[in-house]
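The following block contains the structure, expressed as structure tokens.
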Amino acid sequence: MTEYALILISTVLVNNFVLVKFLGLCPFMGVSRKVETATGMGLATTFVLTLSSVCSYLVNEYLLAPLGLEYLRTIAFILVIAAVVQFTEMVVHKTSPLLYNVLGIFLPLITTNCAVLGVALLNVQEAHGFIESALYGLGAAVGFSLVLVLFASIRERVAVADVPLPFKGNAIALITAGLMSLGFMGFIGLVK
Amino acid sequence: MSDISYREINANGFWHNNPGLVQLLGLCPLLAISGTVVNALGLGLATTLTLVASNVTVSLIRHWVRPEIRIPVFVLIIASVVTAIELAMNAFFHELYLILGIFIPLIVTNCAIIGRAEAFASKQPIPKALADGLAMGLGFTCVLVALGALREAVGHGTLLADAHLMFGEAARGFGLTLFEEYRGFLLALLPPGAFIALGLLIALKNIIDARLQKRQPAHAAVPVEAAV
Amino acid sequence: MHFRTQTSPHMTPAHNVGQVMRRVLYALVPGTLAMAWYFGWGVLINVALAVVLAVGLEALMLVLRRRPVIPTLSDYSAVVTGWLFALALPPLTPWWVTLVGVGFAIVVAKHLYGGLGYNPFNPAMVGYVVVLLSFPREMTLWLPPMPLSEVSFGPMQALAAIFLGQLPPGLTWDAITTATPLDLMKTELGRNLTITEIRDNPLFGDFSGKGWEWIGNWFLLGGIALLFMRVITWHIPVAVLGGLAVTAGLFWIVDPDAYASPAFHVFSGAAILGAFFIATDPVSASTTPMGRILYGLGIGVLIYVIRTWGNYPDAVAFAVLLMNMAAPTIDHYTRPRVFGQKPPRRENGGTP
Amino acid sequence: MLAATLAISTLAAVFGLLLGYSAVRFRVESDPVVDQIDALLPQTQCGQCSYAGCRPYAEAIAAGEADINRCPPGGEATVLALADLLGRDPKPVEGETKPPSVAIIDEQVCIGCTLCIQACPVDAILGAAKQMHTVIESECTGCELCIEPCPVDCIYMVPIAPDISTWKWPFPAGETQSADREAVSS
Amino acid sequence: MTEQAHKLHRFHGGLHLPRHKEESTRDPVLPMRIPARLIVPLRQHIGESAEACVAPGDRVNKGQLIGRCDTYVGAAVHAPTSGRVVEIADHPVPHPSGLSAPCVVIEPDGRESWGESRLPPIEDYLDADPVSLRNRIREAGIVGLGGAAFPSAVKITPRPGQTLDCLVINGAECEPYITCDDSLMRTHARGVIEGIRILMQALKPRCCLIGIEDHMSGAIAAMRDALGGDEAHGIRIVPIPSLYPAGGERQLIQVLTGREVPSQGLPADIGIVCQNVGTAYAIYRAVAHGEPLISRIITVTGKGVQHPRNLEVLIGTPIADLVAAAEGYTDEVSRLIMGGPMMGFALQSDAIPVVKGTNCILAASHEDVAPPGPVMPCIRCGQCAEVCPAQLLPQQLYWFARAKDFDKAQDYSLFDCIECGCCAYVCPSNIPLVQYYRFAKNEIWAQERERRKADIARERHEFRQARLEQEEREKAERLARKKAALAAKQDDTADDPKKAAIQAALERAKARKAAQEAEQMSAEKADKEPSG
Amino acid sequence: MMRNIIISGVLLALFGVVGTALVAFVYQGTAERIAANIEAATLSSLHDILSHEAYDNDILADSVLLSHELLGGRDLRAYRARLGGEPVAAVFTVVAPGGYSGPIRLLVGIRVDGTLDGVRVVSHRETPGLGDEIEVGRSDWILSFDGRSLLDPFYDRWAVRRDGGVFDQFTGATITPRAVVTAVRDALIYFESHRDIVFAPLPDAQPVDAAPAEDAQTGAVQTEALMEASPRE
């Protein structure tokens, strides 16, 4: 039980995927202008990430490992992810066109959200079991969504601040992310 | 759009639509692997290679792919290319491979690559796609190296240390020590430093752009009027 | 007859931001003097240096940004930032550490966001965390408090140490520095000593570190003065200290030999300074009453968590930055009930 | 090698089938976003955005072809609203924004050629051939499209004078800091 | 007299302000001489403007109807005195914009003759039927004298399904400097009480509460005298603590009854109607004496006038005359404000006339209205939220208004702001907060207007498109028919109608196909892939 | 409809086939070289401690997994160096549990006579700029162990100066050096008391797989705690 809790603490706070491990940055920067879209993206990513973490675990465990094809991991995982994402995309497009428009190019880009593939690969690297893989995926996604939403609400505030012109927009957003990451450095050591 | 010139392709890749500074794509490796110039260069070249290969392939098959399987096909192509490069690096640049670690397979999900496949290569003939891949890849590498240089210089006070990882033993001496007795500024090497450094680079670009635009009216008096 | 027009209200008392900031400075004086009493001249030199640098950099940024310099400087916010930053430093910190820290505070954390009022993060704490991460050696060079230290530094010696890195002949850094009580508590607990054993160390006083507890009291005094001057409201300080004390109390009751007492936590390190002066920075804190309580509680709990299980013995700065990050979101979800509205209204998009 | 290709291609085939199926199952017909964009445009129908009216421009925005800052009559407010709807960055409006105006026909000069009637996108001009024409002020959107065709140049644009019911409190003068909001970059 | 004290409640926030009331209450109310010229705006109330029903050159009696208003929310305008109409034209009116609006300008003849114009007094008003009372109030052009100038007849017309619980009479007069209600209560307490009883007759509430700030002891005593105690006829006088803005309708209702008027709602929604004491008195004059609303008490005060005092003024009197009656300006005068210092608006000139809603002319000296310090950025200190009586987050509203994010501002209940100015008063950064809110509200209204206009334009445009298409089609068909006919004529088998019909059908189909193709082509153009 | 679905599947499969074939082809071409690289990396880190003239056996194959409290953990690999079949030295993987922010992994080389051949840090999470001076690239503190043994200094002075021992601490950091000194001392004690087990010949001559990847792949030390997202966790 403790170890599961530790996995969550570790992925959400200590080794936050975005701010400490540098995974999933493009959507982090791209879909954080408004809190609403950030929340939507967070939910979509949480769904995709957890699902694909589990799926890729299964593929690795029951397809690649028995056949000794570990070197094909990347290809196999990315296929799994792409399928999960494309499926989600079509469902969202059908059910919520506005969300679709807002998430825009970023929905397909969940496929290329490094965090998703990163989780799959790290699961293998750290020899996670089924439940651990699921938790790892979930924790990574929750950590991603958490900082995404916090970041978005800070950005909404910064958007109306008197930021010097050259820094307006992406530059100040990156610096904000840097300062957030600075805060997250405080969690170092929580999980030894 | 369809008759985009090579000059424009280059300008876009290196400056106006640079993946790292403007599109903000491919940020993960950009920030993660820019601790030193050598790492940055290694990853940048690997990425460029992938970008070129994937752009060409995608352009090649652009008429056959159906929209619903477009993304899976693209990533499949990219993943194959990347895995091949990964294996090759493991074999020929083993130490660099170890340092770049998980970020080599993660080139697959470098948003810049799939982004180009989607936005450009899937609509353009092969030569243009190739040029675009090259321009974008090298543009990305430039940013990566600039960021690496900035962080290495500020963080360690050196440049091109560990050059042997990439250029072989002969290059061990390439490294420059910029400041003797430099205590090091760790922040530059830590994650917050990476974010802040990229933010500063983007601001620098904005400043340069603003300067350029200011100078523009002198050259071309006619079309800017609308823009001002 | 013709008149100039202006918008209502047409009468306002004469007040301004500078006044608010000056009050903060007055309230900081007792605690600062107490700190100087226990840790020597270095404290005052640090404060003076940081304030000068802060004001200078602020002026520089204003000139670069083509903003009026004098009216803005007279808001005294840069002075507050510099002063609070300096209070977090060990007494003989080299000058260049102060420079880097103040530089980050004023330039990056404050002016890149547009200056006073716009910064989402507490500038002083950004500066402190930057130097703590970058120069851990310099940032752990604490002296023992006055009654314990064998050597005392005169003002010239302190200046020499800060600006030239020179110690009086015969002394080494190793010999004169010691761990802070929080640091000691953490590392000794890590070696599986019990609290009782640890408290035998001469560094400890009645309920916290010798000297530290008194510094805390003087800052408390200043903080209460701020409350009376209505510069701050009770919500944040009470919530910070309450959150810290309650969390510490819970663990302490379970195992008083492995977890330090609430009093120790409250009176150690920067907890009180943080609760009254740092967490209350209006610009980066939460603004709604309920939000301020949550924000303060968050800081209190995070201080305890990081102090106890993390790597940083005094976690105030990190806790403040982390909650700064959450402040806009907290504000968003803790809007007070508007007059005449029944349930507090949530934004439609809040929880889709 | 055989195992490798077999494994991956099976995987790929399975996903391909799945996606092919869902493409059919979740087909999307129309794009309601166009309506939402169109609702935000001022409907002046002036064509300054270089599209043949507001709706075509809305379609172009939805398709990602056009920027959101091309409508001068809508001004800043429209750009902000569009940016908000589409999650894009607001930009300064392209082209000059003029105060809202209406067209007035100089009835002494008008020769009743009906050319302006054909040009007016909202049928705001009354009159028949060979008769004097007038503009229905409340219907005129101020698009200026009637000015060009008039062979005797008898149509003028007059700005709508502010009155008490349409007067607006001005945006307050800024803080000391923003007194000079010009760029630092220069 | 040992009744149990009325239970008072507290509203959120509020301010204790320096009162400055003594200056203008030292002397009794002075009825002003008739000025040389009266400028009577046709719109002095919330709602549609009245229409002039006299012409330049006409002679008018005192109290004669000069502006008719037939809309439901509207109020008639009467001649304040007898004289000659010299012009009906645009003239600057009291408004923050300083813009002009239609006014009737009257040259008094000094005779004050009512002629036929006085309305028949209703003697037995305490038994009269509510409808006739309401009609009288409407005829008399009575609007709220407490500030908003909302037509009183509308306010006291019960809406179906609503029962009235309590009539609240607003004698709070919470703004500094203003003492017109105070003076009114001290001099005409009887009339005020009678007016209240008329209102009660018209509304039939269960109770009536008169809220008066506790420092106005003279007014409270006079009212008690007139009423015959603290409580009589179901009316009760309640002194309330002085706290700005206790006189705000919503705040007063909360203080007196503990109930909150729903946001975006009206007091009527919780069974309450609130009227100002001046309104009550005006109603009494209209019902018992048949006098329309043609004059009122106005405070002229501030260090900018020699002799601050209350004046009884004819509506339409230029402010310069009021100032003259207060013995002129002092050297210190620097700003002229209509209303109180917290909510009033500054005037450009003293040639502007007073209107029904004018309660105070404040000629402020530099010292009274010291210019606020330099405007600094908001530091989120939250003091504004602490004092906001509407429990809003003024600083958030400010940020959104500044960013022109009006949706967010509305989401943060911008329209619940009563513009009381408390937030701006305490703001250490001296931000003109209220102006930001007014700006935002105005913009939102303007956007709504524009939206409506756009909708009409869209409809008309689409209609036109459809019409053009239709015409095009008809033209094509006509052409096709003509061609067919022509072809048929030329054809040998011209009299084969079947063939002609086939021919015509073919033509039509061809035309349709062409049209379709054109459409498709344009659609394709629009469909073209999005650019990079 | 159905046709579209099938086309999608087939198309994707086709790309799968081509892509995989390409990768598999490259894999076969590089597999050998990669294995060699991994071996070379491990060897090179061993050679930092052990001169490679000092032994002649296949040291990577001649390794055992040891578990003992004194070594700080379970299943820690030790490599045995033999010259002409005779034991010359052993290189232990040791975990020092008492680091400031987590365990520190070390390689400790001990000659048969009980003297230290050398100590190197494999991975740690100590505070950069403070605790990381144990890395050979940052200071030569770690070299001060070379040639020492349990008797030099005498057993009870195996401690940092602050605790009355002979080893320097760092300014502002005592915990880290203390942990390393203690771990090295314990490894020496373990060696003295378990010499037989350490040098016992492989039970069934089954050479252990030459990919003890987690321990020692490069000479570069991983500072996992603070540095950028660590490539290998």
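Letters A, B, C, D, E and F mark the chains as written, and numbering starts fresh at 1 in each.
We adopt the following convention: a residue touches a chain if its C-beta (ideal position, glycine included) is under 8 Å from a C-beta of that chain, and two chains touch if they have at least 3 such contacts.
Quantities reported herein were computed from a predicted structural model and do not represent experimental measurements.
The chain with its Cα centroid farthest from the Cα centroid of chain B is E. Using CA-based centroids throughout, the chain positioned farthest away from chain A is E. Centroids built from CA atoms put chain E at 34 Å from chain D. Annotation: 51 Å between the Cα-based centres of chain C and chain D. Counting partners per residue, chain A has 20-23, 71-72, 75, 79, 82-83, 86, 90, 122, 125, 157, 162, 164-167, 172, 175, 179, 182, 184-185, 188-189 as the residues that reach two or more other chains. Within chain B, residues 32, 66, 68-69, 72, 76, 79-80, 83, 87, 102, 186, 190-192, 194, 196, 206-207, 210 each touch two or more of the remaining chains. For chain D, residues touching at least two other chains, in rising order: 4, 7-8, 11-12, 15-16, 19-20, 22-23, 84, 169, 172, 176-177, 183-185.
Remark: chain B residues 183, 185-187, 190, 192, 196 touch chain C in the complex. Residues 16, 19-20, 23-24, 27, 101-103, 125, 225-226, 228-229, 232-233 of chain F touch chain A in their complex. Those residues of chain D that touch chain E in the complex are listed here as 38, 41-45, 53-54, 56, 59-60, 63-65, 76-77, 80, 84, 121-124, 139, 141, 162-164, 166-177. By the touch rule above, chain A contacts chain D in their complex via residues 31, 33-34, 37, 59, 63-64, 67-69, 72, 75-76, 79-80, 82-83, 86-87, 90-91, 93-94, 97-98, 101-102, 104, 162, 164-166, 169. Residues 24-29, 31-32, 68-69, 71-72, 75-76, 78-80, 82-83, 86-87, 102, 105-106, 108-111, 113-115, 118, 190-196, 198-200, 202-204, 206-207, 210 of chain B are the ones that touch chain A when the two sit in their complex.
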